[in-house]
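Provided herewith is a single structure, encoded as structure tokens, for subsequent inquiry.
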Amino acid sequence: MKSQKATAILLLSCPDQKGIVAEISSFIYKHNGNIIHSDQHTDFETRTYFMRIEWELEGFQIKDEQIEEAFSPIAKKFNMNWELHFSKNIKRMAIFVSKLDHCLYDVLLKTKSKELNAEIPLVISNHMDLKPIADYFNIPFHHFPVIPENKEEVEKKEIELLKSRNIDLIVLARYMQILGPSFVKAYPNKIINIHHSFLPAFIGAKPYQQAYNRGVKVIGATSHYVTEELDNGPIIEQDVIRVSHRDSLEDFIQKGKELEKIVLSRAIKYHLEDKTLVFGNKTVVFD
Amino acid sequence: MKSQKATAILLLSCPDQKGIVAEISSFIYKHNGNIIHSDQHTDFETRTYFMRIEWELEGFQIKDEQIEEAFSPIAKKFNMNWELHFSKNIKRMAIFVSKLDHCLYDVLLKTKSKELNAEIPLVISNHMDLKPIADYFNIPFHHFPVIPENKEEVEKKEIELLKSRNIDLIVLARYMQILGPSFVKAYPNKIINIHHSFLPAFIGAKPYQQAYNRGVKVIGATSHYVTEELDNGPIIEQDVIRVSHRDSLEDFIQKGKELEKIVLSRAIKYHLEDKTLVFGNKTVVFD
Amino acid sequence: MKSQKATAILLLSCPDQKGIVAEISSFIYKHNGNIIHSDQHTDFETRTYFMRIEWELEGFQIKDEQIEEAFSPIAKKFNMNWELHFSKNIKRMAIFVSKLDHCLYDVLLKTKSKELNAEIPLVISNHMDLKPIADYFNIPFHHFPVIPENKEEVEKKEIELLKSRNIDLIVLARYMQILGPSFVKAYPNKIINIHHSFLPAFIGAKPYQQAYNRGVKVIGATSHYVTEELDNGPIIEQDVIRVSHRDSLEDFIQKGKELEKIVLSRAIKYHLEDKTLVFGNKTVVFD
Amino acid sequence: MKSQKATAILLLSCPDQKGIVAEISSFIYKHNGNIIHSDQHTDFETRTYFMRIEWELEGFQIKDEQIEEAFSPIAKKFNMNWELHFSKNIKRMAIFVSKLDHCLYDVLLKTKSKELNAEIPLVISNHMDLKPIADYFNIPFHHFPVIPENKEEVEKKEIELLKSRNIDLIVLARYMQILGPSFVKAYPNKIINIHHSFLPAFIGAKPYQQAYNRGVKVIGATSHYVTEELDNGPIIEQDVIRVSHRDSLEDFIQKGKELEKIVLSRAIKYHLEDKTLVFGNKTVVFD
């Protein structure tokens, strides 16, 4: 359940040790904060501690812009990787598409209905096909045709545009281009892709065709952060649906479209609500 | 992941208010405890706070038998309902059965393989049919035939037996008798039943027949704590499986048997690991 | 897999007896038809036989408009309830809505992308809220405000309109009015509703609230043909999704919206492809 | 629904062409057979037709031992691959195990309760650990220790034993040895394995470890016919279960055990009921 009041969210990981919870919760309590959510996880293999803690800011005795500084000594003491988020800061999300419209429609409709709490300042595509959809939702549409020869240059321009629009999150909604390494580096753990298979099965092109050829009895979809290695980034969400010999390749694709929408929008939602933490090639998702 | 070391588990609920986490975690930290799991939940409707916190006892500076007393002032301050459990105390579980053997086998096998961490001092039945199974697992089998005329008297004897064996948890593994109100009162939130439908659909007798007659496309199973009102206790776990017109009543029953085993053993596991909290007619299950 | 060629579909039920398949398949073969799908089911309780058989019309030696007459003697001989459909006849579907837009968008988008093979000549609503959506898809929107006093009269006008538009199928896409008995009688097994619970649990109003109050661990959605008895018609499709104590009522509603779309559109698809047969209060769905 | 009466089952595939159904159903009808199940499938890519047809033998005018000969001309005419089975012939199933007992228990219990309709004349293992289980079920247990040096020789002896016991189906119930090519050739499409991943992900050793390392959000199990290429045979059944960051490798293994049992026993059931057809590296499963 979401609080109607403004909240702060602390997302952190650090070497596991005694006293972390006590210190953090005392920090919040001492300054009159009301914790409304607190999730933690310990990875026992690497002895790493993960936490997401959210508290209401009403009555909190530190001003928003000073919380970071006030918390810093604790973060240092425990050697934390940490981020501080405020619920009032709506994330700005760019959507990349090619020609398929189902994920685009789904993300736009869920954003419109506030299921996804984001602003969408722009849609970027290497084709013109989906411009009418962006138009219908009153979202600026930017056309960046890509050919192998101009890819690096185009990506530079895209990054410039994204930076100029203060984009926090990039969603590849069935975008049929592979992003280059410098693009990926510019947005670490900020690019979410939907791959239409249960990874790591069927990496690369035409996963439904691969699945059909292999004769599987379930097909899947995987949403993951994009890293330099194709289809190998940290998985945020996966789900599957049954198929049978009665399903043609076309049926695989149609059933898969439903899955892609569901899996992608769940992953986006987790990210927008600051519920994901990446460690190594895995994620902690505090659902 | 379970700790290999001995742990203490605090399970509590109280009116939501500031400072609970800070106080509890400081209590543990001050006495040198290492928190390995901490889950919390706030029910915003009733403003109730729920917590399960587990810490390693190695190095903890309060002796096991004194923790209760030491924690009492905090519990009082926040007006808590609370329980303290120790991982070293293996729970003692009685199984009630009638004639169907699938849930009995499943619970016994999972207990034998330590998936369910319990001792089973006895099996009770109103029939003799399943005695050979108890024998195979070297578990005393007690036969209590029940007829409407002697039910109350029989239940008294059963309770005596259960008390004499220090039973912590009673599992109704497709036990075909309805327990009387005084039996239920003797073990509040300590009796787990498996009902073979997705409650609240198909309460009462012959739920598969009811489901078959209704023409449903999914069937379910529900594990719940037993209360005085039939099939209406707090639900711990539910799951479903698809059926179609091709499935006969017999197929419903067979598919359902798999579900019943899975749903019942998950519920037992949650209870054995002190992960369930009852409030009103609902449960919080910290999975 | 769908044939690219024009096909005929025979949908029938009759008392089970020897020779049905032989007679029907010989009828098709004799006139040079190529069977591409054949599904059958026998309900052993009532000894009823169900069949769906589809064949390509290319080269078939009976003209489309004469097949009915040619097949009649066989139908009589076996005392069949039967329907003959042609794949070239696209069904005409009316959508009824109130204020919620998710199912409407989903049906319109899936129809646009040909996942649902139908024409939508009109949208009917008791509110004006969703008119802009119908406009965007260029579908006439008809506003029929309903109050208890005028309900019967309004329904008469709606039926007139539907008849004048040759509507084959009516979809209640979260339409918040209960249809009167004469409306239901006018379209037997031609009105598909989506109910937001796994029926028969939580019949009637506010099923998510009911589910939330009961503390269930799965929620569901059910698509069924509308009969005079509320939420009690033959079920076409059901599905569920897990919930937990962490889910608020608002989360139930949001998770449920996904389910409703999926379950409703599957049911519509089955109907549009002539894959459903109703018997008593159940369906045979040849998926 | 199963018929209580003796039935014959014809399982066939052939090039798709007109008249197959007519010919087969007329053959059965002419000799007074009552068809109780008929499933068909057309693979449009390869234009291959698949059929499973089952009829009651009571009153059928051809003696069991003469049906094969009587049907032969039809089979020849359509160039069929075909098998004729009789429900009265209970299949004889050998189970291969190593040290893990969950699948063994599951198959034995389901066979005992007639969910799996088979005889189990023997259990074969490369270890002695599970002999007591075979003893409990009164099934002869044969110990064949395998080392790389003697593998071929041991497999020869196993085949001899299997042949002498007229084994129809071999089930690898978490058998930790890879069968050699001559063993596989001796039982084409008669050896069913359970692999503990959703193939083709995580082929080979330690799939749960692989899945854990990859950070997947669902794990799976796959039952397939064994071919010479490791974990690459035709898939009969697959299913999955959700996992999260909270699940340790040990949890993966425990959740997976449930899946393995379910997926393996479903695949065995399909095979025992003559519902599977292999084509290329895929299966048609008439559920």
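In order of appearance the chains are A, B, C and D, and numbering begins at 1 in each one.
Here, a residue touches a chain if its C-beta (ideal position, glycine included) is under 8 Å from a C-beta of that chain, and two chains touch if they have at least 3 such contacts.
Values in this document were obtained by computation on a predicted structure and should not be read as measured data.
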The larger set of C-beta contacts, choosing between A-B and A-C, lies at A-B
Chain whose mean Cα position lies farthest from chain B: C
Indicate the whole-number Å distance between the mean C-alpha point of chain A and the mean C-alpha point of chain B. 37
What's the distance between the Cα centroids of chain A and chain D, rounded to whole Å? 42
Please set out, as single numbers or ranges, the residues of chain C touching at least two other chains. 1, 44, 246, 248, 287
Contacts from chain C onto chain B in the complex sit at residues 41, 43-44, 50, 198-202, 214-218, 220, 234-240, 244-246, 248, 280-285, 287
Name, in rising order, each residue of chain D that touches chain B in their complex. 1-2, 101-102, 105, 109, 113, 115, 136, 246, 248, 250-251, 254, 257-258, 262, 287
Which residues of chain B touch chain A in the complex? 1, 18-19, 21-22, 25-26, 28-30, 32-40, 42, 44
